[in-house]
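Below are structures written as structure tokens.
Note that subunit A is present in both complexes that follow, paired respectively with subunit B and with subunit C.
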Partner chain A sequence: MTDADGDGSADGGPPPRSARDRAFDVLDRLVAASATERLLISGSALLLSVAIGFLLILAAGRMTSCDAAAYSLFGVGFCYDPILVYDSLFLGAFGDFFANPLNGQFATTVSETTVLVFTGVAVAVAFKAGVFNIGGQGQLVFGALASALVVYALAGAVSGLVGTVVLVTVGVAVGALVGGLYGAIPGALKAYADANEVITTIMLNFVATSVALYLAGGPFKDPESFANQTRRLPEYALFPQPLFPGRTDASLLALALAVAVAVGIAYLLRRTAFGYDVRTSGIQPEAAEYGGVDAARTVVSSMALSGALAGIGGAVYVLTIAGNFQTGVPDYGFDGITVSILAGNNPVGAVAAALLFGVLKSGSIVVDVGTDVPPQLVGVLRGLIVLFVAMPEFFRMIGKRVDVRDRLGGSRDAVATDGGEEA
Partner chain B sequence: MSADLGDRVDALGTRGTVAAAAVLAAVLAVAGLAVTGSGDTVVAVVALLFSKSTLAAALRLSVPIAFAALGGIFAEKSGVINIGLEGLLIISAFAGVYATSITGSVWLGVVGGVVASTLLALLFAVVCIEFRADQIIAGLAIWLIALGLAPFASQVVFGSKNASAGATFPDIQQLLADTGLPVVSTALVGALDALAGVPFLGALFEASPMVYLMFVAVGASWWTLNRTSFGRWVRASGENPKALDTAGVDVTRVRYAAVLLSGVLAGVGGAALSLSLGQFVGNGPTMVNGKGFIAIVTYLLGNYNPVGALLSTMLFAGLDALQLGLQGQDVLAIPQSLVRTIPYVSVIVVLALFGRTRIPEAAGEYYESGEE
Partner chain C sequence: MTEAVRLDGITKRFPGVVANDDVTLSVERGTVHALLGENGAGKTTLMNVLYGLYEPTEGDVYVDGDGLTYDDEGAVADAPRRFDSPRDAIDAGVGMIHQHFMLVDPMTVAENITLGNEPRKWGGLAVDRAAAREAVLDLSERYGFDVEPDATIEDIGVGVQQRVEILKALYRGAEILILDEPTAVLTPQEVEDLFEVLEELTDAGKTVIFITHKLGEALEAADEVTVLRDGKNVGSVETAGTTREELAELMVGREVMLETETPPATPGAPTLTVDGVSANDERGVTAVDDVSFTVREGEVFGIAGVDGNGQSELVEVVTGLRKPTAGAVALEGTDVTDASRRARTRAGMAYIPEDRQERGLVMDFDLSENGVLGSQHDAPFAQGGRLDWTYADDHAADIIEEYDVRPPDATAEAKSLSGGNQQKFIVGREFARDPACIVASHPTRGVDIGSTEFIHDRLIDLRDEGRAVLLVSSKLDEVRGLSDRLAVMYRGRVVDVVDPDEVTEEQLGLLMAGEEPEDVPRADPVADAADATDGVAGTPPADDADAEVADD
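Right after this comes the complex of A and B.
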């Protein structure tokens, strides 16, 4: 959506430029040319999904029975009121923001957004390398579990402010390590055995869920709990939350870390040799290989990086929202796919998209409490958004009808599984 | 994923691949047991493997996977990679239960499931063929939509994410007895009764009608793909759409037909899944639980041959049945939640060893006729 670094300095310099510099410039121009169009496509996809969701709520309202119609249109009564649902979904997530910006519902939005930034950027990194990481969920689950176990084991050794610094750092590092290793497996299988990563990552999600259920329900189960979960971490082992009073889940510090990581990844992809390798193998694998990029190693390392980011997301989930590892981790990994696709695989754009989904996740709780409409509605919206963002041609055809096509950029595909930037 | 898999040539034939995979799975299973258990355990597991109930469960578990795989073959052979099979199974599993609960008939329930799945496949086809969406992302979206929509609808209609149909399929003997043909049905029922007494293979003679329909569908799909002009068009549309276009056949129409057919087939599979239990389970990944993705692996492993896909389906379903049997009998020291991972791990192992399948040349690509 927006550029990570305002790079006006790249062009116009007189010194001799290497082939690599020129390639960077071409890539930059490609991204800039399609950025506006992507924003338009993502915005339209969102609006269209909301419109279809509106109809869905009306249709669902006809299929159920109620005493009095909650909403009526053209003399037909409906049991559910779509306006109220959307009001709860989008505005409810902010709570009474103007009276108290630090209210509980907004705290939930912040904490959900934080985890989603990590999973969204994780998917984006793999996408940039031309690899479709659907395994963010499994990587997050293992990262979360490992983080919870290691931090618990170390929690007795340190305490106080020093303890917080040490434990949170260690927890995040362990999450990154374990998530990265688990992400490297499908990467290596793709690179060296040609196993389709879409299938392997989905299978590894199922494996991770089952293994985590075994570990959290067996050897590492909290003996005092009936649920399958690990022992609760002491409060000083969690992310500090200086601003939201009475909450242990919403940490602006964690959110700041998430944003910093997103910006850092954007820089890594844009301005380093590794990022160049990743992006060229995503756009033109044959050309990258010809240009000396080790394609197999790039696939493995970008999947490891992607897994590490998802793993950090898991660690942050444990160290802010959950406070221990619990089975039945929410679908952050799958939402990360939507976040990344909506952001056109741009890491910084993923922050904005994550906020949108943080709002939806938090808002779905308000919908659940405040209306009779099932909160699974958000799941449907998630799918519709992905579907519409995947079909830029649809919006281009509409664009042609209303004659704004000249103002749109020239890129063909907004998001695609081959890196998403081909001209 | 389409481009770099494109020009691989599968050195092994379908049968060779499936046979090798079966042997490998058996070796892996025995090796796993040798590490974890004693000789008694091995004997118990082998006994379980060749018990009638395991075969019965394997046949029952094969149905949704095999139907989805057949659908996937048609779509992908025509050049549209349908990764949304999982979503088609989910939506038809729910729609089957919903239609059955309204009409009281499981057969109308199957029709309901097919209609829902075909409509969703139509959406997928329009998005991919008309609006040139990335097929993998659109397929994923179909899965996510169904994953949200089915529990949503269940909650609206039944007040819970899980719903009961109030009916299940009659078994084949019941079905024959109900036909009312006096001599034929009694003779057949008697013969089936006798055959069902056979120790292991007896399970073949007392299965749900959907199991027999599965065998019929596999044969019919093979025939359609290899012996009819529609089958030729589908294959040409995936391998060389330009040539098909030149020959005067509308590539777009062939692809629409193939994707819709995948919706119909997956719809039968999804409805068969939920109606064989008489209920829809919508918690977490729903009762479909990855079967649509396993279906994709089975047809890749079967090299797009319906018979090969059925054999590899039986392999995975057999592992799943064994896994269920192990959970039930408690013969292994391995905890249930780990045993449950066997089918998923075997998918990964098989894919890693036989991943170099040759996908249709033009699969995943949008085709634009040059006539405009």
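Right after this comes the complex of A and C.
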């Protein structure tokens, strides 16, 4: 305790802060970021991922042998052209949009986006209730299978325009019902048996896939096909697609339904008593309990709602893209998790996030067809984009969960809670 | 005079807030200095500046446990200190004892005290336990602390744990000790013991600063008191030359009624009946053991006790947050033992929870949304499952105006409010339910004097309107001042029900510490109107009682 100690530090600049403090500061800034800032962050993340992808494509291009360089930089030849790759990945998804907005490639983008909106909103609803629904895939598979079977069974009874209205409505309703019931199971297990929903939903995904494989390969197999799939539905039983000539897989009507559902869910969460219960349970379960929210019922009903949305996604997949139930359903349910995180669990934001996914999925096809770049590398590029764009939102979620009061024994927040935290 | 600490013109700004505004504070070596102020006055922030957790925006910190040195003109000759972290502060001899003890429960006292600075042997490879024990015993004896170095932390009382915290700071060479609200968790007897410890410390040349918002403590334990209000130093006074009233006025900025005037109650029919209730805590251990009482219309029934003696669990059983293992709860004659929280709220039970930041408010919701909590399924907030946010906004605005919640902004998130304002909002929301029964658990914990006075007045108003109030508090003056009947809980049981006007603080303290009522002089059981018994018989004469207490 000599005065020299004081001398030494008197003229020092701002003190170096610990890594822990700086990490918390970054989290705080992320949590506090405004909508514009978040857009800017996402935009910069996107650019950064493209920059890194650019180098990856060049490196991969150097390690491959080809007859003629597709791209050269400073006199060095590369087998793959990164500009062409990214041009195809992003703009390919829109096809020749300005000449013909209703082109085939854009139709693929629309159909992919539509299903992803449903699964993305499904995951978001569960997230809002504080439940992590990884079972979207299983709920989607069962919703799709049930929808395909019921619509096929009824397809003989009605036909024409009336048939379309009835069958599509019934198909979507059945998908919602079955998906909802399948989502309610892990909800009930969590609420009444204290079983972690992450484990149960993953297990139920396997169950759904296996059961669907058995049913589509056995009792309900299309006898005329070698693949494990159900009988094809007649065209009048599918979503009407008046705007994409020559396509049966993309429907702007289905997309409109998806957007309407996303907006409806946002309204439900913000404007209804049920939504209040869900949000309260999600962010502060103790306060929800205090406020008279039945925690068990909220978990079950939000999981059922989440499952129903995924189930509708499955029905829409059958009634637009597939035309019947086929095993090997793409991972829409899992992509929904990323869509939801990308959207910060905002149902309306999920529409935009799903569009990004739809664009990337559709664009990948264009890259595969138009360049020599291996599909694995395209997968890496897509993964980079999603990772970079999702991470700021992901850390934002973490930042919100890290309770300010837990840090440094409450001193960080001393202004707001001065003296207000007695034992 | 020789100062140990001088804070010179300290200003600490946070975005949008000035927590400390040009505060100058001087603490003489070898004295106890109380830092008094309402919540949000900036006491903790100022001490965090001294302890190196915050860097001041402006101003200088001078510290020397042996006393500062001065030049010929009387200015401080020492260089100002700049602490980058608590470690720097500790190296300079400043130790801080936080409200929440930072002790490792399964470890012994000696291990806790030496943790991080253990004496070493075998070339630093092993901890020298014998030397650690010796060092702790030595320290403990030097300051007259009664601490057993081999006891494990979980086996010793809260008061002793606090002494272990103090020893920990002393072991690290602290010359200046900062105590943040040290009495919050102590019984009156333990508070007395603490004050004796503080005296020992100052006699040995240590300097003590303690943060408090309790006037009585500041007057009793400190040599000098500095009052902070709105981040400014509004005056430093010697305790010898001041009064409670003067300090209260300094703190609040206006005259304050220190004692709540409670006109006698006129109890009516039973509103809340608790019959033979037992309950377990989270670990499955019995926390509430066969408790029975009745709260009538127009009366305040108080429950006193040291925190952690089953009061929290009892309140949770009453309000429907916890299932009892035995017994029944009835509200206005209807059995509600199995009724949900929502059903109880609808039946007319308002509830001010003990933990406002965990339960009472959703911290990420704004005040409009928080005003709906508990009523989200009921008209007029909800109609056909749809929430009426216009109504909710007006409702929140009404609470904010009536209860003077600051900032007066219904769109502010709950977490942005200070603790006292959060509490005022909860109290306003619960009182607005027009309840038949109010369960108030620590309703003024962490709330400043002005707001406390207001909440107390409202509780008494509601009582006088014929509502039943169940009041749980560890603040003795609060439960004594407001209650018409007062139960004391110890280890899950109601050890006695007394008349708060008859009982002395010492007697209450003994009951709270687990003394049998028969052994506590003059703590007359009050007759419950239902089973009128003459409990006055057999109590020793008043003079003897006082003598006995004094001997203790």
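Operating definition for what follows: the second predicted complex is superposed on the first by the 298 of 423 C-alpha atoms of A that agree within 3 Å, B and C clash if a C-alpha of one lies under 4 Å from a C-alpha of the other, contacts with A are read in each partner's own complex, and residues count from 1 in each chain.
Here, a residue touches a chain if its C-beta (ideal position, glycine included) is under 8 Å from a C-beta of that chain, and two chains touch if they have at least 3 such contacts.
Please read all numbers here as calculations on a predicted model, not as lab measurements.
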| item | value |
| --- | --- |
| First, second, both or neither for A:Thr280, with subunit B first and subunit C second | second |
| Partner chain in contact with A:Leu243 - subunit B first, subunit C second, else both or neither | neither |
| Partner chain in contact with A:Leu253 - subunit B first, subunit C second, else both or neither | neither |
| Contacts of A:Leu39 with subunit B and subunit C, given as first, second, both or neither | neither |
| Touching partner for A:Thr64 - first (subunit B), second (subunit C), both, neither | first |
| Partner chain in contact with A:Asp294 - subunit B first, subunit C second, else both or neither | second |
| Which superposed partner A:Leu181 touches (first subunit B, second subunit C, both, neither) | neither |
| Partner chain in contact with A:Phe132 - subunit B first, subunit C second, else both or neither | first |
| Common interface positions of subunit A, toward subunit B and toward subunit C | 415-418 |
| List of subunit A residues in touch with subunit C within their complex | 1, 3, 5-7, 9-10, 12, 14-16, 18, 271-277, 280, 283-284, 286-294, 400, 404-405, 408-411, 414-423 |
| Complex interface listing, subunit C residues touching subunit A | 14, 17, 19, 38-45, 48, 53-55, 64-66, 78-85, 88, 91-93, 98-100, 102, 175, 181, 184-185, 211, 213, 307, 321, 340-342, 345, 351, 353, 355, 357-365, 369, 372-374, 376-377, 381-382, 385-387, 389, 415-420, 422-423, 445-447 |
| Parts of subunit A lying in touch with subunit B, wherever the complex brings them together | 56, 60, 63-64, 132, 134, 189, 193-200, 202-204, 206-207, 210-211, 213-214, 217-218, 285, 328, 334, 337-338, 341, 374, 376-384, 386-387, 389-391, 393-394, 397, 413, 415-418 |
| Touching residues (chain side subunit B, partner subunit A) in the complex | 1-5, 8, 83, 123, 127, 130-134, 136-138, 140-149, 151-153, 155-157, 161, 284-285, 289-290, 293, 296-297, 300, 335, 337-338, 340-341, 344-345, 347-348, 351-353, 355-356 |
